[in-house]
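One structure is given below, encoded as structure tokens.
A, B, C and D are the chain letters, set down in written order, and residue numbers restart from 1 in every chain.
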């Protein structure tokens, strides 16, 4: 008991020191362009729904970023998950794709941006659905194919690796047992193989979402972006609103942590049998 | 004969894992395949189960050639060394898994059969527990229940006790033997543990380097080992050179006496084992071990000069 | 043997199909802005030392990127490695820092760019050493503090986690044994603990370098950058030279793979005892 | 007495892991601490080694109170269950590691001593091999050599054989016993394996729930177990209720006979074990086990009605 309390107290020392240092430096420097006051940042959160100097409100930017990341993530998962599962299931499929995938892996997802822009240009969901000009068009125009593609790329590699590794490492005796007990190949695949590979698959999905979030924020910082958290912090910097930059960074961190937390919950719920 | 292995042979690339194996097994018999690792015993089991196709030879069960049947078409189930329980299912789901694919069982009938099986292996209270939370012995029982519920004609066991500790191993061994006697099922049992094979088997097939070295009842094999390999592998043995002759003699068949028997030696070490004491006796250049029952033991001392006689 | 050969052949099917598809599409589209011809890309490699339309030669851009990543990587490692090792060594140090580190972890490294630009502006090694204007100044000006900071951030987290995990997981009996045999604390630390944690430390360093390389390329794509592979591909895109974009992406992938390969070699050489 | 544990006690928070332990160990003696897991035997070993500070009590070695000495200041070395070999060093570096910190050895003298030690444990040819490439038995020997090279006054062993397979365990056990006799070192040996303790020890300390249950020679303990716990833990025992009296009797001390002894029963199961056969005999509501030596066995059948007598 007393040890647990002591540990909790210790763990707060550095964060508190950090905040104090920030407060002291902010006051000493007295230059909000370099280091804003803490209460200024807190104030931004209090007035989160304001439209900050034309950059849009914080919740709006978060929602745009979230929708973007989920669109790209879904595309990435839809391709990577079945591919990974089949690569783990059949050695021949793994042979077919693994060299190709490993050749592309060391290219950071963001490097594809210029090529992808050349392909899709500024085409967006708005272009695709032919939404007429208006607020709806402005909203749908946020979801550019180029961005979805990049986020999909960022998602792809962790997910495909996790799924292939997971399925490949399901003990062979588990499958043989199910076979002897009379399960069809289809049943073995869906009711034995996938659930038993579950923890590794989830782990891949988790890594993929983290990577997707990182890519998204970076992609939004590139020229041409008109909304989202990445856009918010870059343009807040250009407008010398460092307090807004800090606010944006905190939002990015919190949303990233929450996205990751989804998987912690899923893991605990679904795979409690892993706990030994 | 119920189960016949005829000229069963398995080659992997250039290695012959099992070579021309012939065994006939009676209905309700418990036969062990015993040998050091790599002797081909597990390969044999896999061919009987259908997980490996033999290079040559046949597997005939109850008069029907099943050599080319898929594992799931054979009336044979296997308990794997790792148990291979489905980690995402609870005990009753694991045990009942095979019944889902047997059309003759309604849901209700299946549930009743699972309960009955769980009762038999003493896991009634654990029906809804997740299998990963069970102890090794309990997991073992779930694996048995899952295999037996399908009423297989033959049950295969691949070193099923190797993950259990010594005391539990003996306990589970007795339980399985009881069960086997009760339901009169034909079992083939792979092990590298000679004590396990001796205590549980009706007959033992001793294998080495892919071939059968000896087949017989535990007593046959222990008392009349065909060669040095069998003698060494089953129990402990003294190899004593007397002039031209080489004698294989078990430690418990040697007695120590003070009368002159013509075989004189010196005690160089002794180990008390409880029911008996092992004396290490140096005779000329050779050291032999004699297990003297505590009832007849005269407590010879290290350094003492003694005579031995063979019984 | 025959199986190994078949596997090798299989593994080339998809890459070859990919190249064929590329060649066919490139010819059909006949639009080098969207998809350049393969021989055009190869041609860029043949003339790698040319100064492409004012973007600098390929080797020059590679060298600039490499020096940048190594500078930032070293800064990151110098901070993260000792911290990670001490966090693994003493539970109290781990308590002190882990909450703080885990709070910062979900923020993608690139999100710090606007804040870091506010702090360091365009200050570079040239500014720091007061290099007078000239070709030397142009070269040193490539190494901006902001960039080094970001790459250091990208390096930090994998390295600190790997080191802390590695040191923490050295079996306690190993340390007790060394103690009983008379080793001093200093010797235990350097001769037992660090080498035994080696594989995990190397793994962290490897992850850190991969992350650093990804951050660097992304950082070079941001406005204000004037050289490096990231700059090359972004600006080649702006000049509609898609062939150069593809060339740049290939360079990024190859350099990334080579950097990773360093660690594969180190692991094999130094930690052959891990192979079981 | 050479090594004395006086009122040794260790409490963790509210749990008393070891309670008021008193043991006196002679020079050159091999004493086992035997008990089920969690009985406090490893905690005791750690207090002797100095890895844990006792809550109360003293450790006195050769007349000197070492209770508060750091582990490295004690003339005691430990062989851990996991061997704890340094994975990044080869065999000779591991064995010689401790000598680096003993000023009296020149580099050359150290190298000679390492060679001598490796020769003694039969690993001369493996000097430059990496330790992770060795077999379990070889790693075990490296761990011994590394501990013994420092000429400790006491060698502590924490379940050193638990990672080896059955045959190798018996072999290593004999080797260690030989070695111990040769160099006359005082050893304390922690184990949960009763057979190991019986065969290797000069004396056994039986522990349960943090306290000593019995101390004595293997024979003392086997033939005169103080209570049911000791009898069950060391070997197998039948607990037979005869009227008001409860009899603890070993399976090998029961004979089967056809003459009327007043103890009539029925054979319900038999297991051939090689040197003997275990008969399971039902007497009233109780089942007892009798180990009948193969030499005297009259091959009673299952179902047969027999009489037993106690010896």
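One rule holds in what follows: a residue touches a chain if its C-beta (ideal position, glycine included) is under 8 Å from a C-beta of that chain, and two chains touch if they have at least 3 such contacts.
Here the structure is a predicted model, which means the values were calculated and not measured.
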| item | value |
| --- | --- |
| Intersection of the contact lists for subunit A and subunit D | B, C |
| Joint neighbours of subunit C and subunit A, given as chain labels | none |
| Separation of subunit A from subunit B, taking each centre as the mean of its C-alpha atoms, in whole Å | 54 |
| Distance from the mean Cα position of subunit D to that of subunit B, given in whole angstrom | 27 |
| Gap in Å, rounded to a whole number, between the CA centres of subunit C and subunit B | 56 |
| Contacts with two or more other chains, residues of subunit A listed in rising order | none |
| Subunit D residues counted as touching two or more neighbouring chains | none |
| Graph class of chain-chain contacts, one of line, ring, star, complete, other | ring |
| Pairs of chains found to touch, sorted by chain label | A-B, A-C, B-D, C-D |
| Touching residues (chain side subunit C, partner subunit D) in the complex | 171, 173-174, 176-184, 192, 195-196, 198, 271-274, 276 |
| Residue ranges of subunit D in contact with subunit C within the complex | 49, 51, 70-72, 74, 76-78, 80-82, 84, 86-88, 97-98, 100-102, 130-133, 146, 150 |
| Touching residues (chain side subunit D, partner subunit B) in the complex | 166, 177-178, 193, 195, 198-200, 217-219, 222-223, 234-235, 250-253, 269, 271-276, 278, 291, 293-295, 311 |
| Residues on subunit A engaged by subunit C in the complex (per definition of touch) | 7, 10-15, 18, 33-34, 92, 95-100, 103-104, 106-115, 117-119, 210, 213-214, 217-218, 221-223, 229-230, 233-234, 236-237, 240, 242, 245-246, 248-249, 252-254, 256-257, 260 |
